[in-house]
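Alright, structures below, take your time with them.
Below are two complexes that have chain A in common, paired first with chain B and then with chain C.
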Partner chain A sequence: MISFDDMVTAPSTWLAGDGPHADKVISSRARIARNLSGYCFPHRAKPEDRLRLADTVLPVLQSLPGLRPCHFLRLADVSALDLEILVERHLADSASAAGLVGKATAFRRDERVVVLINAEDHLRISGFAPGFDLWDALRVAKEVESELEYYVEPSYSEQWGYLTSCPTNVGTGLRASLLVHLPGLVLTREVGKVMHGLSQIGLAVRGFRGEGSEVVGNLFQVSNQVTLGKSEEETVETVHQVTAQLLQYEHQAREVLVRDAKAQVEDKIWRALGLLRTARLLTTVEALGLASAVRLGVDLGVIQGVDTSAFNEMIQLAQPAHVQRREGEGLTAEERDAMRAAYVRRRILIE
Partner chain B sequence: MSRPCDSCGQRPAEIRVTEVSRGRIEERMLCNACAAQLGVDASSTQGDFSVSKLVAGMAEQGLSDGDRRSEETTCPSCGLTLAEFRESGKLGCPDCYHAFIRDLSVLIRRLHGALRHTGRGPGERSAEQAIRLELAALRNQLAEAVAKEAYEEAARLRDRIRELKVPSSDHPEGAA
Partner chain C sequence: MISFDDMVTAPSTWLAGDGPHADKVISSRARIARNLSGYCFPHRAKPEDRLRLADTVLPVLQSLPGLRPCHFLRLADVSALDLEILVERHLADSASAAGLVGKATAFRRDERVVVLINAEDHLRISGFAPGFDLWDALRVAKEVESELEYYVEPSYSEQWGYLTSCPTNVGTGLRASLLVHLPGLVLTREVGKVMHGLSQIGLAVRGFRGEGSEVVGNLFQVSNQVTLGKSEEETVETVHQVTAQLLQYEHQAREVLVRDAKAQVEDKIWRALGLLRTARLLTTVEALGLASAVRLGVDLGVIQGVDTSAFNEMIQLAQPAHVQRREGEGLTAEERDAMRAAYVRRRILIE
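Here is the complex of A and B:
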């Protein structure tokens, strides 16, 4: 049985802060969209048809070696708070309570691979890896996908490839994305230009929270937009190579900061550390923003003795539902901010 | 600040355009007219990356040039009408790809710049991908072996990784 009480005390294993280029790339993700022939796409399917699909697919998923050991949850059986926790950990898509019938999630206990059932597509298989390693993320996702192909027939056409509910995903159905930490480009105000440049070559850059423009913790998601006419290999290579270039720019921006604005940058870093260690109320956004500055301080060698994994950990553990679940339900927003500040103080004091 | 446009060399440059191609970023100062030719809208400072908006927007502008009556086109399998698809940007079922093929071709070409899948199909395996994926697995095992100080195991894995290296490998290991 899954224990949410345990889950909220530790981040997903792919946030461990290791892996290649872990100082700038938090994690890698490969998401594959698949649909089954003979069913309407989830948003158009009747509730009973969504249920029928889940009943067909769940036993199959339970038998796949690539998913073992595994947790299976029907989202309708999960409390609203626990559903939020799953969303914060990418183990469920955000969903209103009304549309939960037939939705389910199956994920390996280390959370390296998850299959969402009846999300935007019938099946969304995501593989995760720590650091800059899209191939490893793709590997865990493909393992499950190829095992699954023995049992269920995906809807596929010679011309369009794998068919998806939104034509933006048709073809390979593959979205390769990296979560990158770019404080240098943000502080030098170069990030807008770089983002615009990436959009011109078919890559998307979003703030950490996804769709909105709000940037949290100087975290960005870089991913491909094109899924048709390029193989999975080409897609992964493109995102990898462009991100490698992006990391160069981030590296240069950090050099510029140290060279031209050393005092200001050091001031910003030390103030951030001071606030994290003393603040009594912290919102998620503020906590991650300050933790980002401290992380930069560690990467630049300005600060020693702060555990670099604290920032990665906070990406999940400082989120509202995680705090709520740890500290007890029914907290007001301000009580939650107080609990978050207390958690951060404890976490950041460990040396 | 009356630098001439890098493209036409005549009108004054008003907008800085960053282009990324083949992994290189080039910056140019352009006038509004030349920037617009590149598809850069001078009035918006940053791109809008909302894909769903893109679909909806494209459906509206691009597709409404077509036959008005085609709005009535209906997918025989799920009953979705073309008008509904244009509204939501989402298809109802796999058969919609056949039912709305004319409109979808226009849309998909704009979205992806291609009209044909070139990746693998169900049950197919690409040799290159198999090697890449095995390499990823081996690199993982190597890191674990090193962490556990199992050096014999690590040496064996390292040799295996060397043997497997993808032949056409200008695969950069990332930035500095």
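Here is the complex of A and C:
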């Protein structure tokens, strides 16, 4: 059984802050879209068809070794708050979409791999890894996908590859994405230029909450835009190579900051630490922005003695539903900001 | 001899933070304008006439019991930086004005009383007292004025009273002013209305750096606008009474804040403390603004263990020339902001 009480006090294991280049790459994710022959795509399917799909797939998923120990639930069975917690942890798709009938999620207890049922596609299998390791993220996702193909038949065209609800995913159905921390490029105002450059070579860069979202905590999601005409390996290799270059740009930007604006950057870092330690009201966006500056300070050696895992942890634990669930339901936004600030103070107090 | 090195490490004694209602009234000041018969007003006088006046008056001032132990100097003899320090301590008028020839200052070592020579008037005698005590400020100023009248003859008209360079000072030549801390009225946005009300009954309210200056540290200077047709006692009594009413408004505003915006106010106070303790760059205006919030926090009982005298001290010691002189000349504005932040951190570190 899923214990939401336990869940909201610890982040997903892939946010542990270890893994390669964990100082700049928070996590890696490989998401595979699959649809089943004989079923309408979810947005065209009738509620009873979506239910039928879930009834077919859920028992299968529970039996797969790659998902064990497996947690699973139908989204219609959880409260709106718990659903938000799942969304904040990438264990469910946004709940604001159409009805919840037939929607379900199944994930390994360590949250390294999750399968969403009746999301944009029939099945969306995501593998996660801490740090800069797309191959490992792909490995855990592929493991589940391979096991699954033994039981269900995916929609596949010899000409196009895997068929998906949205044409942008046709082909491999693979989206390889990295959550990267780029405070240097933001502070030097280079990030817009870099994003534009990446989009020209077929990569997308988004704020960390996904498409069209604002920049929060200087976190960005880098992913491939193309899924057609490239193998899974090529896709992962491209995203890996380009991100390696991006990390080099970030490194250079940090050098420029230290060289040309040392006093201002140190001031910004120390102020952020001061505010995290004292503020009595904090929004998620501000908390992550301040934690980003502190994380940069640790990376640059400006401050010591602050636990860098706090930043990664906040990416989930400072989110509204996580705060709400920890502190008791029925909080106003202001009370939630107060509870978030109290949580952050406890987390950052080490001097 | 004046030691500027000593001066810049300790505020004037009237900023000690004691005296009546010291939680809201920083200091009291009584300034008496006097001009001497037989001399042109300073702005019309030739340099040699201004020198003659200074040569006449300075030896007299040094001999007055009310000014002993007396420090004195001619403004032309000090460096531009030391002159700025005197201005920041109200021991000289703004140095940006016309030539310095003949300008001089004489003050009691504790800075409770100062006489400016060849400022806007021939003589401007200011008495200072800590807290809400205009009578005491007037007493020290009058003591020097009475002693002085034994040696020099003031310009006096039976019809108009004391004659002054600017018509707004004709009559008593007395400006009674109080430096008050009004964070409650600023935060509730009531201060504009209150200022307008005071101006309607003949009082002026200004930012603490004097006429037309912006609000710094939520500090305001309340003073009489009328010097004609009122006795010194009436003037002091009016300013005292109206300010007592103003303190009542401030008290009510603080009650409203605690009742209607407790979380926001506490957040603001704690953040200010956090920033004072961590910032690496601080302008004078920001430092005083933050110190004002912390001072409010102590007054409201939100925070404990912070030395409230730090706020009063910063009113002088965080000023640019004071910082420059303590840390070494030739600092850039940014270096000065860094030194100011370092001074503030040391001063506020008590937890």
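Keep this in mind: the second predicted complex is superposed on the first by the 345 of 351 C-alpha atoms of A that agree within 3 Å, B and C clash if a C-alpha of one lies under 4 Å from a C-alpha of the other, contacts with A are read in each partner's own complex, and residues count from 1 in each chain.
Everything that follows uses one rule, which is that contacts are C-beta pairs under 8 Å (C-beta built on N, C-alpha and C of every residue); 3 or more make two chains touch, one makes a residue touch a chain.
The structure displayed is predicted, hence computed values, not measured ones.
Novice: If you stack the two complexes on chain A, which partner ends up touching A:77: first (chain B), second (chain C), both, or neither?
Specialist: In the superposition, A:77 touches no partner, neither chain B nor chain C.
Novice: Is the number of chain A residues in contact higher for chain B or for chain C?
Specialist: Between chain B and chain C, B touches the greater number of residues in chain A.
Novice: Is A:110 in contact with chain B, with chain C, with both, or with neither (first, second, both, neither)?
Specialist: In the superposition, A:110 contacts neither chain B nor chain C.
Novice: Mind working out whether A:255 is in touch with chain B, chain C, both or neither, as first, second, both or neither?
Specialist: In the superposed model, A:255 contacts neither chain B nor chain C.
Novice: Between chain B (first) and chain C (second), which, if any, makes contact with A:267: first, second, both or neither?
Specialist: In the superposed model, A:267 contacts chain C only, not chain B.
Novice: Based on the superposed arrangement, let me know which partner A:55 touches: chain B (first), chain C (second), both, or neither?
Specialist: Neither: A:55 stays clear of chain B and chain C.
Novice: Looking at A:277, would you say it contacts chain B, chain C, both, or neither? Reply first, second, both or neither.
Specialist: The second partner, chain C, only.
Novice: Common interface residues of chain A with chain B and chain C?
Specialist: Touching chain B and chain C on chain A: no residues.
Novice: Taking the complex as given, what residues does chain A use to touch chain B?
Specialist: Residues of chain A touching chain B: 18, 20-21, 24, 35, 37, 39-41, 43-44, 132-133, 135-136, 138-139, 142, 146, 149, 153-163, 165-168, 170-172, 174, 192-202, 204-206, 211, 213, 225-233, 237, 240-251.
Novice: Okay, in this complex, where on chain B does chain A touch?
Specialist: Listed in rising order, the residues of chain B that touch chain A are 16, 18-21, 23-25, 27, 39-40, 45-47, 49-52, 54-55, 77-78, 80, 89-94, 97, 104, 107-108, 111-123, 125-126, 128-129, 132-133, 135-137, 139-140, 143, 171-176.
Novice: With touch defined as at the start, can you tell me which chain C residues reach chain A in the complex?
Specialist: It comes out as residues 263-264, 266-267, 270-271, 273-281, 334, 338, 341.
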